[in-house]
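What follows is chain A paired twice: with chain B in the first complex and chain C in the second.
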Partner chain A sequence: MTDTGYTQLLDLACGAFLLSGVLVLARRGLAGVIRVFTAQGVALAALTIVIAVHERSAEWGVAAVGIVALRAVALPMMLRRALADQRDAEARPLVNIPASLLAAAALTLLAYVASQPLVHLAPSTATHAIPIGVAMVLIGLFALTTRRRAVSQVVGFLVVDNGITAVGVLTLASVPLVVELGIALDVLFAVLVLQILATRMREAFGDTDLDELRELRD
Partner chain B sequence: MDILLIPVLLPAVAATVYAVAGWRGPTRWLGVASAAGILACGIVVATDGPREALGGWLRADALSAFMLVVIGAVALVATAAGPSWLRAEIAAGRATARTAARHSLLVQAFLAAMASAVLAANLGALWVAIEATTIVTAFLVGQRRTRASVEAAWKYVVICSTGIALALLGVILLNFAAAHAPTPTGLGLAELAAAAPGLDGGVTRVAVALLIVGFGTKAGLAPLHAWLPDAHSQAPAPVSALMSGVLLSVAGYAVLRVKVIADAALGVGFARALLLVVALASLLLAASLVLAQRDYKRMLAYSSIEHMGLLALGAAIGSPLALTAALLHVLGHGLVKSVLFLGAGRVLQVTGTSLISGVRGLAASAPVLAGTFGFGVLALIGLPPFSLFASELGIARAGFAAGLGWPTSAALLLTLVVAGALLAHTSRMLLGSPPQGPGTATAPRRLPGAVPLVGGLLACAVLGVASLPLQHLLDAAAATLGHTP
Partner chain C sequence: MNVVTPVAQVLVVAGGSPLLVGVMRQVRARLEGRAGPGVGQPWRDLRKLLRKEPITPRGTSEVFRLAPLVLAATTLVAAAASPFLATTSALDPIADLFAVVAVLTLGAVVLALAGLDTGTAFGGMGASREMTITALVEPTLLMATFALSVRVGSTNLGAITTATLHDPGRVLSPVSLLAVVALAVAVIAETGRLPVDNPSTHLELTMVHEAMILEYAGPDLALVEWASAMRLTVFLGLLATLFAPFGIAVTASPSALALAAAAFALKVTVLGVALAVAEVFLAKLRLFRVPELLAGSFLLGLLAVAASFFLA
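After this line comes the complex of A and B, so read on.
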């Protein structure tokens, strides 16, 4: 792969990653949100493959396979199952969509400012894209705090997690395989637990609108 | 087999037995045996000195050994009170033998996860173990499946997983900084501490802030503490005891490990300033919410936030005296708070309400229970002879000696406010004449399962009078955290 080719492919994957994250905020239907989240998993895997090929590293290749399996297949499947009987459910955000998109733009700018020390440590094509991962963490946190549906909160949490993974890939500093597997399992189980809790919440409240969570307060 | 594997494998085996054999006759006391095993391993490792196992993935120095002792001691109290608590729940129709078996299984898995966290030699593995504690305890918090408990479990998993995700970003950034250090290293805690002076300042600053806020979430420190009062008040009593008594301090342990790296890389000021802000914010929050508290389990939960704030204050001061006092505080608070949560669980079983105003004249109707609860609260607010008196005094003295007079005075003042509120609420529950009339439950005068509660309080009192047997371990553990002037 030529250097320009590498840069262009990396930028393309990062662009797709950022765009899908912003679309999570823009979609109204929950089924659409899950589709966009799946696309983000694919973009993240593509990003990892570009880096694996450029670095000629089998380790990153394995990581890309793991990312596809977890983030583009397993997690979206679990989310779809959690949504099973409310296909046409809407996200009903606390902050309306145009304002959410403005916030996403502001958070992306903030991420670029905040990530300056990270880019300066080892400037390269990959590390210059770290702010995109940080932006995704912030956008995910924003989605998590402004969305009222149980499923959209889980998607927000997973977008944060995608952002962290993207930072991990773009720093080009690998983590031991045992730790990486542990992290993947923890995320998988956390979502499994949340899916079961969402089902129980539907049994107890008849809805998964988190506005119903009003029992506990001071 | 190496002794370091025992604290992880023993509860794992016990969990498997519960999964296979269920909750019946002999298995009931298995949990106690596994807790005693963890405690014994902690003591052996403490006397033997540092060691490694599992190809360097597990490592125990004096601090890990001390944390094993804390986990073992608090788990001993909580699991010993478990059988009688579960028997009462089954008798009241709120649990069955099946839910009791699942409860015991998850409690053992919880212990295994905490033991792996304090033994992990690698920051990444430490993160994985702490996130695993969230996953295994989620269903314990939501065990009763009521609206309130499902809500508490949801908030618990969402807030803790998000907070801990910030810590993961911190781990990844620290890994990035370590890979570009003059001598590149991985995420081993000892290697990171050794290589810390060469880490890039800018990246490490971001990483440390994320790690302290992230692990601080799990430790119940402000600003991401909102899960704690809900989870602690909704979880079954033995689980609240374990969560408040040890889980918080295991996360606090992670903060202490991060601080060693931060101090070596960035100087003392950065982590100290961050921890001081977090500590005072937690204390202020606890003081303001405990004052008008109407629910006694939530009252205990806010008191846990207060005590974690004191632990953070001790860590911020960072002198040997402050660190030994903070570690002694972890053990003393763990014992007392587990006794109190177990006692509160019993009060709930006897009176059927968790409202402070719903409990009157407990001293007359259930003297043993009222006695343990009352002495527990006295211990909690730091009266001698209990060890919390010695440790709070130690933290305060160290604070003034380190020139942190203002924050220390503010913390003491807030602690006094919490103490006053706790005393006022508790005396309303214990004193007065018990409610009369039809429909009021008649409490048994005997307290089944009183031994672990009284034992926990006695242990805390003995620690306060003579912490000498522990002094050597405390000093060694504080020494592993490095001395900051």
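After this line comes the complex of A and C, so read on.
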């Protein structure tokens, strides 16, 4: 792969990653949120593949396959199952959508400013994109705190994790595959537990709006 | 001094814009299963309106009478200054991003003032809606084009176009992709097309642009309609010139200009037809949902600017 081709593909994958993360905040329907999250998993995998090809490293190739399997297939499938009988459910965020989009813009700029020292440590094409991963962590946290539905909060949590992985990939730090696997397994279990919790909540209260769980009942 | 290019641009935009509107209406008509009035209908409408006696409502002031002239004049200036046909022209120094956007906004503001001047309920309603939308669109327009100018280091539209002509690979970078989507939404909102405003309705609840010009008649109405068509052409032309500057002449020879004019007409027609086809499948957005759409496009513009720093 030529250098300019590598730069362009890397930038394109990063752009898609950032865009899909922001769209998580823009979508109203929960089914749409999950679809956008799937797209983000694909973008992250594409990013990893571009780096794997450029570095000619089999380890990154394996990591890319793992990312596709977990983030673009397994997790969205589990989320969809958790959504099962409320397909048309809307997110009903605490902060309305235009305001959360503007907040996302502000968080992206904050991420850019905050990660400058990191970029200066080892300037390269890949490390220049670190702010995108950091921005995704912040946007995920924002989604986690301002959404009411259990499913959209889980998606927020997963976006944070996507961001962390993206920073890991972009810094090219050779995180041992075993550690990566451990983290991936952790996330999988967390989502499983949250899914069971959400299902139980719906059975017990008929809703997953966490704001309505503030008082104790008999 | 190359004065041929601005003159040619004004002629192409002024003559071609009613035809563009005609093509778009014809495409919509065919897709909706109607025969359609033909491509030349907007020109025939303009001719009919121009022959009528000029008449203005009682109690209106000079603002109402001057608004069509200012609207048409500002649009023509923007058409002359933008690098539609060639990157070098006598108006190059004022072909600045901020100047062109400001000139186009001046036209929108004057029309809103004219809507207020009539003192009717519809005029005021249309003006207030138009100003709401304009205030939200303007930042997006500036942001999206600014994202393109960061890499060039100049806000001159001619310089941006030249840079893209020399390096066509730029078009596929995330910066331009984000900027093109943001700019497309802004253009749709600014020219009053679906899903922001329905250009073919006179239903009181949904009008924005039509509500402002409800009191115009005769030659004044002709001027407003013609200027609206030109605005549409100028905005689509800007979109085409910034993101697909292929065929634009670098010299001012007559043959190159003719070729550039053909390429410009083709690009704008393709964009217009695509917009018309999309409109058939879209419903108008609720007015309260419009800020959501525009906030989204502003965010895309901002991300485009941010990305031009991230992914340098």
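Operating definition for what follows: the second predicted complex is superposed on the first by the 214 of 218 C-alpha atoms of A that agree within 3 Å, B and C clash if a C-alpha of one lies under 4 Å from a C-alpha of the other, contacts with A are read in each partner's own complex, and residues count from 1 in each chain.
Keep this in mind: contacts are C-beta pairs under 8 Å (C-beta built on N, C-alpha and C of every residue); 3 or more make two chains touch, one makes a residue touch a chain.
Quick caveat, the model's predicted, so the values are computed rather than measured.
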| item | value |
| --- | --- |
| Combined model on chain A: chain C and chain B, fit or clash | fit |
| Partner chain in contact with A:Ala204 - chain B first, chain C second, else both or neither | first |
| Touching partner for A:Gln8 - first (chain B), second (chain C), both, neither | second |
| Partner chain in contact with A:Ala69 - chain B first, chain C second, else both or neither | neither |
| Touching partner for A:Val160 - first (chain B), second (chain C), both, neither | first |
| Between chain B and chain C, more extensive residue contact with chain A | B |
| First (chain B), second (chain C), both or neither touched by A:Leu144 | first |
| Arrangement angle, chain B at one end, chain C at the other, chain A at the vertex (C-alpha, nearest 10°) | 150 |
| Three-chain overlay, closest Cα atoms of chain B and chain C, distance in Å | 18 |
| Parts of chain A lying in touch with chain C, wherever the complex brings them together | 4, 8, 10-12, 14-16, 18-19, 22, 26, 97-98, 101-102, 104-105, 108-109, 112, 128-129, 131-132 |
| Contact set on chain C toward chain A in their complex | 169, 172-175, 177-178, 291-292, 295-296, 298-300, 302-303, 306-307, 309-312 |
| Chain A-touching residues of chain B, taken from the complex the two chains share | 57, 122, 124-125, 127-128, 131-132, 134-135, 138-139, 142, 145-148, 150-155, 157-158, 161-162, 165, 168-169, 171-173, 175-180, 186-187, 200-203, 205-206, 229-230, 233-234, 289, 292-293, 298 |
| Complex interface listing, chain A residues touching chain B | 114, 116-118, 120-122, 137, 141, 144, 150, 153, 157, 160-161, 164, 167-168, 171-173, 175-176, 178-179, 182-183, 185-186, 189-190, 193-194, 196-198, 200-201, 204-205, 210, 213, 215-216, 218 |
